[in-house]
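Presented below are the structures under discussion, each in the form of structure tokens.
Both of the next two complexes hold subunit A, though its partner changes from subunit B to subunit C.
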Partner chain A sequence: MNGENKQLTKTNPFMPETARIVRTYHLTEDVKFFQVRIVEMDKALSFKYRPGQFAMISVLGAGEAPFSISSTPSRPGLLEFCIRKAGTVTNALFRMKENDLVGFRGPYGNGFPLEKMKDKDILITVGGLGVAPLRSVLLYCLDNRDQFRRVSLLHGAKRPAEMIFREEFFALKQREDLECHLAVDEDDTGTWTENIGVVTTLFLKLKEIDIANTFALICGPPVMYKFVIKELVKLNIPKDQILMTLERRMKCGVGKCGHCAIDYVYTCLDGPVFTYWDVIHMRELI
Partner chain B sequence: MRITKLKKDNLFPFLEIISEEADLWVPVKKEDKHVFKVVDDFSEIEMNSTRTILPPRKIFLPPNFNMFSVSEKGYKEDFSHVTKKILFGVHPCDIHGLIILDNFNKQAYLDSYYLEARKNTLILGLSCWPDEYCFAKSSNTHVIEEGYDLFFTNLEDFFLVWIGSSQGDDLIRLKPELFDEELKNKDIQTYINWQAERNNAYKWNINFAALPDLMELKYKDPLWERLGDACLACGSCSNVCPTCNCYNIMDKQCLGGKDGKIMRHWDACTLKEYSEVAGGENFREKRADRLKLWYTHKLQAYISKYGKPSCVGCGRCIATCPVDINVRTVGKALIGEEVDAFWARINKEVTK
Partner chain C sequence: MQKVLTKKSLPQWVKKLLSYTIYTPVEEDDHWNFVATDNPEDINLDYPLTTLSPKKIIFPQREIFLEFCDSTEGNPEVKEVLPAEKSAVIFGVRPCDAKALTFTDKVFGGDFKDIYYWKRRNQTTLVGISCNTPPYTNCFCVSVNGSPYSKEGLDILLTDLGDKYFVETYTKKGEKLLNLAKGLFKSPTAKDKKDLEKIRIDSKKKIKRQIKNIKKIPPKLKEMFDSPFWDEESMSCLRCGICTYLCPTCHCFDINDEITSSSPIKGKRIRTWDTCQFPDFTMHSSGHNPRPDKASRLRQRILHKFLYFVDRYQNYQCTGCGRCISLCPVGIDLLEVLDKVRDYGS
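Coming up: the complex of A and B.
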């Protein structure tokens, strides 16, 4: 029966594509940026995804792990990731150089509901590595600026050196069609010109919010959700317009291995983007 | 569906012939329990077997197998676990379990490792008689109308054989003269009597319809903490349950080389490492929370989605859990029956 195996390839959802690392550099001490391209050119160009989706990246011998796609589908061809060193797979990725090959499969998950977000105000709050999925949405909104109304970004990091995509966001501050507020918990450089304080203090900086027409997107470390949601609920933003991405352990990404299950839902299929309304109804969430 | 008749004397000759087509797995005795096995001598077959220790999925989808061989050249799929198999002696509840897994593995993304193996496995069902653990009648999984290639109902000196698929029909055609299409009225009456008697043989039942609400209402009940204190987090309940599907994927590197394998093996949500994420954060640190997930899946989630539980009443968790946490005790505790006796038992286990 082994001889027949070839024809299965196309239907095997676990079979990775080969992708080449075309660029990689440190964003912070323990977070690296990876730009990859699927080796087969037509696949690279026809690869479709939506902001908020993730991919499984694998390193031969080390294993496979889920990572949010950080680039935007409005700039096809290259896929970008920011990856924190956490264990076996991520360590192996950190050792890889430009031109090295990785396994790649995806995109997986639901992603952000862009159709619903159209013609609405977009308020993005990120902390730490939460930029990974939200940068994708942000760039998508900026690339399709006429499809959205106000776009604002609140971005917090512990210290200036830990702010991921610091330069990119500083540059974005110059744009007049984006309201961008950056904060660090503490400034150990003495040269920080932006806000000091936790990310929730940035809510005070926002101009008046059109509550009914605002989608608030959150991603960050678990502790951040609690505080940010409290602010958003205080502002009266409808619970089904508060969107967050959740992290769970994932082994397959395709709704089979069970690891990402929360109550009834499989985070890899039904998530990782959930509304606050969903979250209230799931007993095990945050 | 066509039904034919096979005299008991003709069973072994029939099995002899079909065993030339594929590996034939049959139920045999192992100490006081039963397992599926490939045998040379059909007299080893236990026609009146109770539940096998492990469910049928273990035969076609091994607990541990290679998904890919990896080398510098890349990934090479490995489907060597897919071989032609015939499983004889699968009970109705287990066939229901297979249907649940089949549907699950066809949903959204097709799991080719499961589906290819399943496609190459013929299911020859066999009727059974309930013992003290069985409660398949509660979930209406004590009878079966689909999901098998042949189904043998074990009556006096003959079997009634339901032909459930064209592959099942092909098996019969290998030697049609062993079968007897002509059913006598007497045979039919024997079947009717047998069925009535069997229906009455179930010793206990559980009200599945009440459980989704009770899971919700008692989600914060201290009963879960008490169960959690008793649970050994051994994962046995998941290993034996015919509707558990969870697995883990691990890279295995060959010593010294670049070559390796990507292995898939069974996992269990009752194990601690199951839900751990980067940074050591664990969303289900507590055993109580992991048991809640298990029982949410068996007693609540599937019922809400498909109108029936993902428990098929096989009784394996009852026969297996070393500390008596199982669908029966948990179900009864949720309903509020037999609670004291249950806690007395559980507490005895804890202090042991």
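Coming up: the complex of A and C.
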């Protein structure tokens, strides 16, 4: 894998660093935003990662779980996560307050192939919590705007209150160098000013796409992938330029525990970013 | 190095090794298992097959990764707990079980070395015993590129020649063990070598079970991913996980925190064996399960061993020990499954 992976790797890959929660607040009813910083300042500042990589966060007594990094390496020092309350570890995390300490190890996984994506059009499609890893790449593109051509974001949520980073994306909509389309499946507020419908309906909003030079990035709930891929295939985007980041149960993050094994790959080592080409050639990916 | 050792000198040799932790097969409650002993007379090399392979010594079923204490005042203390510094010798390792460790070596190696595994692995010397007669009714090592006298993964291999052992060393670790009792080992005679040769030829012939045309199986498995075959074959599975827990090559594990006190929070982060045969092995916290039924889990076990592992590490992840066949409570027979796979649709 890439060399950046190894920088926090100590002799014992299972030994966590200590990180401090510097900011936390609710993004939606069951999703919270966590901003953390590795306590040792020089490590915090020199910590390198790629958009699309993940980390293992632990709460002493509750255990460890993998989380996508939502911040961008172009803004070093602080690491951000958006976390849904779902299991033992996330329940414990939800009880934690600012200034509390967590265990942290990583970064793990391959991340997005930024070198290949350079000077291309970037089309990001997210559903629900799928925004967690793709916010990292979106902010990276915006922070290095001259390195990418057209950048578009299609973002879908069930209801307005469940749209993660809603305010952030409404603000981003004002930017002229980003094409941002938001949709909700249903509007229960009566005040939603954006689109209503599933995320795939947003494809109609896109201006003409330069298919050969577009990288399409997808992340969302398991059911979303095949519908979005169908749209992208219809547009004729090359299979190796359709990238998706996948969720799997993981325990070690370093290719040993077997939980995330699919075909001959480990999601934690060889993923979580895979191409549609991989999906066609490896069963069980999506 | 090739030597011979008389059987009655074996305890004298072991006596010279008592600075090591010595493991030997011992029969307990109808099961043979590797147990630590400090009595050189306990060494028993004439035994069938242990229920658990010596993998359990290098990669224990449960081990502590770290201990922690999180009081409300000050920073939490997190202490790394590494395996004790103590060299060990395992006597009576079957060649299939030693070979299995060469597979777990691959998994626990790589970019992120598993320090817990390697610490034990490096300080353990494996003394094998050739299987002159198959120790188990379901042995099939020869079918998976193994042999009853394979040296893969072993430091020393002993072969029973009647009143003595033919002794071969393959590593420096192995030679060191012989050097600790130099006077006991003699050079083999021409007759010893001839006897060894004959025993080896015979030992292979005695293995009854086999996988025919194993090379045809991986490509066939690739085609059969969506086949109803897996539903039929997994029908009787109780999802007990025995097939994987007893497998010398399986390496999957879980990591959890266990607490002994909640105020202050005191506890341990532990690693325990886990199995792909349990429904929650792949279950996401959302409840979504990419491998939701017995059929997909049996398929995963078979494909991982005979297709995916081959693609990743160029070996079948099976050494032919036969434990998963003999000890499956409902009689799912790996070799019968593979026979059906090979002939499926023809």
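By our rule, the second predicted complex is superposed on the first by the 276 of 286 C-alpha atoms of A that agree within 3 Å, B and C clash if a C-alpha of one lies under 4 Å from a C-alpha of the other, contacts with A are read in each partner's own complex, and residues count from 1 in each chain.
In this text, a residue touches a chain if its C-beta (ideal position, glycine included) is under 8 Å from a C-beta of that chain, and two chains touch if they have at least 3 such contacts.
Nothing here was measured: the structure is a model prediction, and the numbers come from that model.
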item	value
Partner chain in contact with A:Gly190 - subunit B first, subunit C second, else both or neither	neither
Partner chain in contact with A:Asp263 - subunit B first, subunit C second, else both or neither	both
Touched partner set for A:Gly103, first subunit B, second subunit C, both or neither	both
Which of subunit B and subunit C A:Gly255 touches, first, second, both or neither	both
Subunit B versus subunit C as contact partner of A:Ala86, first or second or both or neither	both
Which of subunit B and subunit C A:Thr11 touches, first, second, both or neither	both
Overlapping contact positions on subunit A, where the subunit C interface meets the subunit B interface	1, 5, 9, 11-16, 18, 60-64, 84, 86-87, 90, 103, 222, 247-249, 251-252, 254-259, 261-264, 269, 283-284
Touching residues (chain side subunit A, partner subunit C) in the complex	1, 5-6, 9, 11-16, 18, 58, 60-65, 84, 86-87, 90, 101, 103, 221-222, 247-249, 251-252, 254-259, 261-265, 269, 283-284
Residues of subunit A defined as touching subunit B within the complex	1-2, 4-5, 8-9, 11-16, 18, 60-64, 84, 86-87, 90, 103, 222, 247-249, 251-252, 254-259, 261-264, 269, 283-284
Of subunit B, residues touching subunit A in the complex	67-68, 70, 72, 74-75, 77-80, 82-84, 104-105, 107-114, 116, 120, 219, 245-251, 253, 258, 260, 267, 269, 274-279, 281, 283-284, 289, 293, 296-297, 300-301, 304-305
Touching residues on subunit C, where the partner in the complex is subunit A	65-66, 68, 70, 75-76, 78, 80, 82, 107-108, 110-116, 225, 251-257, 259, 262, 265, 267, 269, 274, 276, 281-286, 288, 290-291, 300, 304, 307-309, 311-312
